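Chain nomenclature is as follows: A, B, C, D and E, assigned in order of appearance, with residue numbering initiated at 1 for each chain independently.
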């Protein structure tokens, strides 16, 4: 999974019918401290994440292994909100 | 999903029979403002998108989770047209 | 799908038995004009493509959604020969 | 599979229910000597790996082919701890 | 598939039980002449490849479409040993 920051949201009226009422959040990959290091991508939220949260996103077919995303045409899902990250014994991020 | 701009289209006569009558659009990944930042790729349209539209594309097996693309050899699908993007509380794109 | 140029072919005697008689072509990703911009990779041909052709290739599990590649250990397939590409109203490639 | 170093761990309270009690480790891709060359990502541990270990991680749907990760929304799994790596006849890493 | 050179091997005692007795080879992507251009990764051998061989590797779920790798947590497999590569009519590699 990627460590990512939720930076915003996307609104779409015309979309696959299976995406109705799905929350589409804009995420950017971060490093272990929560610093953004990647380009924006859009993931479906399944854990009530909000802007600013540090999250984990799963890609590909794994993005469809939640009750929210099963059988839908989405390739990225937010499946966890990060409380803290520890690297080499030091806390590098805490929510 | 990637945020992408539809920049054109591809025409193919000789193709897998399951792709008959599928609309093949050329897309480029963009940033959160709609500025192109990626190389061109081709996605199957499922939402009647047109050139110039900002869209979301899903890749891999997820690209086959629409009625248009089920069981077809395609690895990218346009599954939403973007109305607007909001980053850190500001509208960065509006259709 | 990637837009790619067929630049050559690979010969292999020792291979998975399900690949017997499959044509293995060397492809390079191109831009919308057909100019090569990517590293070489090998795709299974399913549309009788030939060297020099501009084609579309599908990757991952989608590469197994043709009668030629079903249940075989291949992750890239040529599923269309491109006739023409149009970007922003101009023909950028014609076969 | 990627050769990767376990550099830390992630803690998450709010997550997909199928991830309950799963150990989330932060990994970085390394070269054949164990030197870190990639950005951090998070993988589910299935082999009781610990910080500092050199491991193999499998991505995508393959990450769900263990008893620990079956049907869960995860796209990366640690499925082996590396004892040693040999390149061109020389031991480049030994645990 | 990637064109890759087998450069070494990995030894692992603690691993997913389905990987018992699987041969784990270290590969690097090459260009069409066999020159290494990529970072090392590990693939399961299914064609009795050896160090120095030029091979094809398939990634993702396609890596599980061999009798050796079915249902196992591996995302890369060696499914062919390359005899020769021909680009633009010239032999660029011969075993």
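Criterion: contacts are C-beta pairs under 8 Å (C-beta built on N, C-alpha and C of every residue); 3 or more make two chains touch, one makes a residue touch a chain.
Model, not experiment: these values are computed from the prediction.
J.: Give me the step distance from subunit A to subunit D, shortest route via touching chains only.
T.: Graph distance in the chain contact network comes out at 1.
J.: Rounded to the nearest whole Å, what is the centre-to-centre distance of subunit C and subunit E, using the mean of the C-alpha atoms as each centre?
T.: One centre to the other, that is 20 Å.
J.: What's the distance between the Cα centroids of subunit C and subunit D, rounded to whole Å?
T.: Those two chain centres are 32 Å apart.
J.: Would you please write down the residue numbers of subunit C that are in contact with two or more other chains?
T.: 60-61, 63-64
J.: Beginning with subunit A and moving on to subunit B, name the chains as they sit around the ring.
T.: Here the ring order, subunit A leading and subunit B following, is A, B, C, E, D.
J.: Which of the residues in subunit B end up touching subunit A in this complex?
T.: Contacts found on subunit B: 1-3, 29, 31-32, 37, 46-48, 56, 58-66, 69, 77, 79-89, 92.
J.: Contact residues on subunit D for subunit A in the complex?
T.: 7-16, 18-19, 24, 26, 39-43, 51, 60-61, 63-64, 71-76
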